[in-house]
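In the two assemblies presented below, subunit A is common to both, partnered first by subunit B and then by subunit C.
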Partner chain A sequence: MNALAPQTGLLPGFNDPVADSQKMFRAVLEAMSRPGTIVTAPVLPVAPQPLNPVAAALILALADYETPLWLDPAARQPAAIDYVRFHCGCPLVEAPDQAGFALVTDAKSMPPLSAFHLGSDEYPDRSTTVIVQVPHLDGGEAWRLKGPGIRDQAILAAGQLPSAFKAWVQDNHALFPRGVDLLFAAPGQLAGLPRSTLLEG
Partner chain B sequence: MQQQTKDTDARRQWMGVLAKSDESHVVQLWAGLSDLPAWEYLRRPEVGLVMVRGRMGGDGGPFNLGEMTVTRCSVRLQNGVVGHAWVAGRSARHAEMAAIADALMQDGDWRARVGEKLLAPLQSKLADDRGRAERKAAATRVDFFTMVRGED
Partner chain C sequence: MSTGYNFAYLDEQTKRMLRRAILKAVAIPGYQVPFGSREMPLPYGWGTGGIQVTAAVIGADDRLKVIDQGADDTTNAVSIRRFFARTAGVATTEKTREATVIQTRHRIPETPLSEGQIMVYQVPIPEPLRWLEPRETETRKMHALADYGAMHVKLYEDIARFGHIATTYDYPVLVGGRYLMRPSPIPKFDNPKMDNSPALQLFGAGREKRIYAVPPYTSVKSLDFEDHPFEVQRWDQACALCGSTESFLDEVVTDDQGGRMYVCSDSDYCGERRQEQGQ
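For the complex of A and B:
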C-alpha cells in the first residue's frame, strides 16, 4: 500500500474476486442461518472512508449491477461512491425503499427499518438487506433472540444503535414473511438478524 | 471543456493503440522502459466477452457484429493515478501492461518517455500493418460496371 496517501483515488477491492466473494458469501450464510452468532470475517479488504473493512467486503461480495444500493448520508463521500461504482457497478439510489442493499455507516442517524423496501406478499424476497456498521458486537444492550436457526436462545449485543432500534426490529418481525434482513458489520466480525428472528426482553 | 475533450480524445487514441497492438511487440518495447514506479492492482486481469456493434456505412442502424474476447485490468500507481485497459484477446500480461501504460500516460513525468518509447513504435507498427493489408486488398480490386442495355 501507498504509505503517503492511502486514501487518495480508488482503492483495490478483493485480492482474488471469485474466491474472496465466495468466502464472504459463506460467512453471510453462516451469520444468517444462525442469527446472533458472531462470525469472523474471512477477508478484510482495504476500505474507503467511512466504511469498515467488513462492510466493504459485504458490499463487494453481495452488490452487483442488478442490486440497487442505498448509502446513508454519512457514506455518500466520493471515495466510497467511486469504490462501489467501480468494483460493484451497482446503481446508487436516493430512496431507501428502492434499495436491494442498504449500507448504514452512521447507525445513530439511520432511518427506521420501515423506511426500507419491505417486500410484498407475492415477493417477500425483494426486500432490502440492510448492512449496519457498528463499532462492536458485544457490550451493547443485550437482546435475547429466538427463532429458526437458534437452538434455545442467542444473545446479540451490538453497540451504538438508535434507542428505537429494538422496537423497529420487533415491528419488522411482525411483518413476516415481509420485512428487511439485517447484517451487522463490526471490525473483523459480522452477525445476522433475519426477519424471522424474534427479539425478547 | 474543450481541454477535457482533447484529453479524452488523446487518451482514447493511446488506449486503442495499446489494445490493438500485438502482445509480443508490447513486451519487447516494455523491456526498454526502466525504473517504472510501483503500482498495484485495482482489478486483476479478467477475461470476458464484449458484443461488437457496427453501423452499415457508418450511419445506418446499429447491429450486433459478433462477440469478441477481451481482457480488462485496472491498476493504480503509487501517486494515485489510475489506469484502465481493455485489450483484445486473453492475455493477462498484455492487459496489465496496457493498464500501467495508460496510467503512466496520464502522469506528466512519464508521458513523454512512454509516448516516445512505447506508444510511437506501436502506433507506427499498427499503421504499417494496416497499410500492408490495404495494399494487398487493393491489388485484387475489381471495378464492376454494367453497360446500359437499353431494354426499356
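For the complex of A and C:
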C-alpha cells in the first residue's frame, strides 16, 4: 500500500481490516439499535476529499462488490472514486434508487430521501442505507425521537441539513416497514436514524 | 487459538454480508432478512445461524457466554464456546453479568440482561406462519400486509379444543406492534423477558437463511385474547438445589422408582444462588 501511495495518490484503507471493520460495525450496530445515540467512531482512516474519516470508515466496513454505491455529485471526485473502487470494489451507480449504500457529502444539495431505494412491502430490507456527512451532531435543530431502541426519548440535533429534511424523515417513517435508514457521519462521531424511528413535534 | 483461520472463522466478505443483514434486521424489528448462510463445521440444527451471527458481531474485546437449554455445561454450549475461543481467541464466561455476547439455544437467562449486552438466539424455524402456510411467497405476503389472522385462528382452535392456549414454547409474539415473530423455541416463560429488554436481541436461522432482530426497548407482545390473557407456566415445586421459586425448572428423573427432582434450567443462576447460600 505505502509503496503505491506516492505514485497513484491512493490512500490506504483500514490499518487492520479485520479488527477495524469489526469495531466499526459494532459502532454502527450501537448507533442503529439506539437511534439518536452519539457513538464515538473507533477507527478514523485517512479519507479522500471530500469524505470525512467516519464516512470513509463506514464505507470500508460495510460496502463491497455486492452493494452498489451512489456518491452525491460533490463526492464524485477522482480521489474518492478511486478509493471506494480499490478498497471496496463496489459498483458505482448513477441513480440513487439503485443504491445499496448512498454517500451524501454535501447534504444541502442532496435529493429527497424518497429518491433512494425504499424497498418493497415484501422485501423492505432491500432499501438504501444513506450515509449523510454532517459537520456536527449537536447544535442543529433538536429532534425528539421515539421508537424501537429508545427507552423514553432521545434527542438528535445533526447540523446543516436541508430545511425539508425533517419532513423527509417523517415521510420516510410513515412508509414503515419500507423506507431508507440513515447514518450520520460527523467528525469522529456517528449516529443512526433507522426508518423505525418516529420524529416528534 | 488455532491458526489458519480468519478471525472468528468466517471470511471478511461473509461477515460484511451478515453485518449488513443484521443492520437491516435492527432497522425493521421482527422482519426476517434473507442472508447467504454458509456451510459451517457443524450440522444444521446445532446452531449454525447463531454461530454465524456471533461470528459477525464478536470482537477481540468481547466476553462470550453460550447456553443450551439454560446450561453452560451441555455439549452444544461447550463446543460453541470452544469454537470461538479457538477461532477468535475471545474470553469466555459462564456468568451472565460478565458476558457482552450471549449465544443461546432455547432459553433467556434468569439474571436480568443489561444495556450493551447482545443476545444471539439459535433459530430452527424462523417463520411463525410456516406450519399454517407452507408457501414462502404467501407468508411473505402475509407479513407485508400484516395479515396475521391465521395465527389468531390457530390460538383460538387451541382454546376451543383444550380450553386454553396449548402452545408452551416458541410462543408467537408481535414485535413493535407490526411483525409477527417466532421467539425461537424458548419456553413461553421467557417471553416477558423479551419485552422492552435493555439488551439487543439478534436471531439467526442457518438452514432457513434468515436473520431478525429486536432492538433494545422494543415492545414484544405475546399474542393472546382479552378473555384468555397470556400467562406463563408456574410450578408447585421449588428448585431442589437452590430453592428458587422464580426460575424455569427442569424435571430430572433420578431413579427407576418414580423418583424425580426439579432443578433450575439456568445453571449460572442456580450456581450463584447456591454460592450465596454458602453451600
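Some notes on this structure:
By definition in this document, the second predicted complex is superposed on the first by the 193 of 201 C-alpha atoms of A that agree within 3 Å, B and C clash if a C-alpha of one lies under 4 Å from a C-alpha of the other, contacts with A are read in each partner's own complex, and residues count from 1 in each chain.
The definition used in the following text is that a residue touches a chain if its C-beta (ideal position, glycine included) is under 8 Å from a C-beta of that chain, and two chains touch if they have at least 3 such contacts.
Since we're looking at a predicted model, the values are computed, not measured.
Within the superposed three-chain model, A:66 lies in touch with subunit C and out of touch with subunit B [touch as defined at top]. With both complexes placed on chain A, subunit A has more residues touched by C than by the other of subunit B and subunit C. By the touch criterion defined above, A:17 lies against subunit B and subunit C together after alignment on the C-alpha atoms of chain A.
Of the two partner chains, subunit C is the only one touched by A:125; subunit B is not. Contact with neither subunit B nor subunit C is seen for A:105 once the two complexes are overlaid on the shared chain.
When the two complexes are overlaid on their common chain A, residue A:87 makes contact with subunit B while staying clear of subunit C. Shared-chain residue A:32: touches subunit C; no touch with subunit B. Of the two partner chains placed by superposition, only subunit B is touched by A:9; subunit C is not. Residues 17 of subunit A contact both subunit B in one complex and subunit C in the other. The residues of subunit A lying in touch with subunit C in their complex are 17-19, 21-23, 25-26, 28-29, 32-34, 61-64, 66-67, 100, 120-125, 127, 129, 147-151, 176-177, 181, 194-196. Across the interface of their complex, subunit A is touched by residues 38, 40-44, 46, 74, 76, 78-82 of subunit B. Residues 1-2, 4-5, 8-13, 15-17, 86-87 of subunit A touch subunit B in their complex.
On the side of subunit C, the complex with subunit A involves touching residues 6-7, 12-13, 15-17, 19-29, 31, 33-34, 56-60, 140-141, 143-145, 176, 178-179, 198, 200, 213-218.
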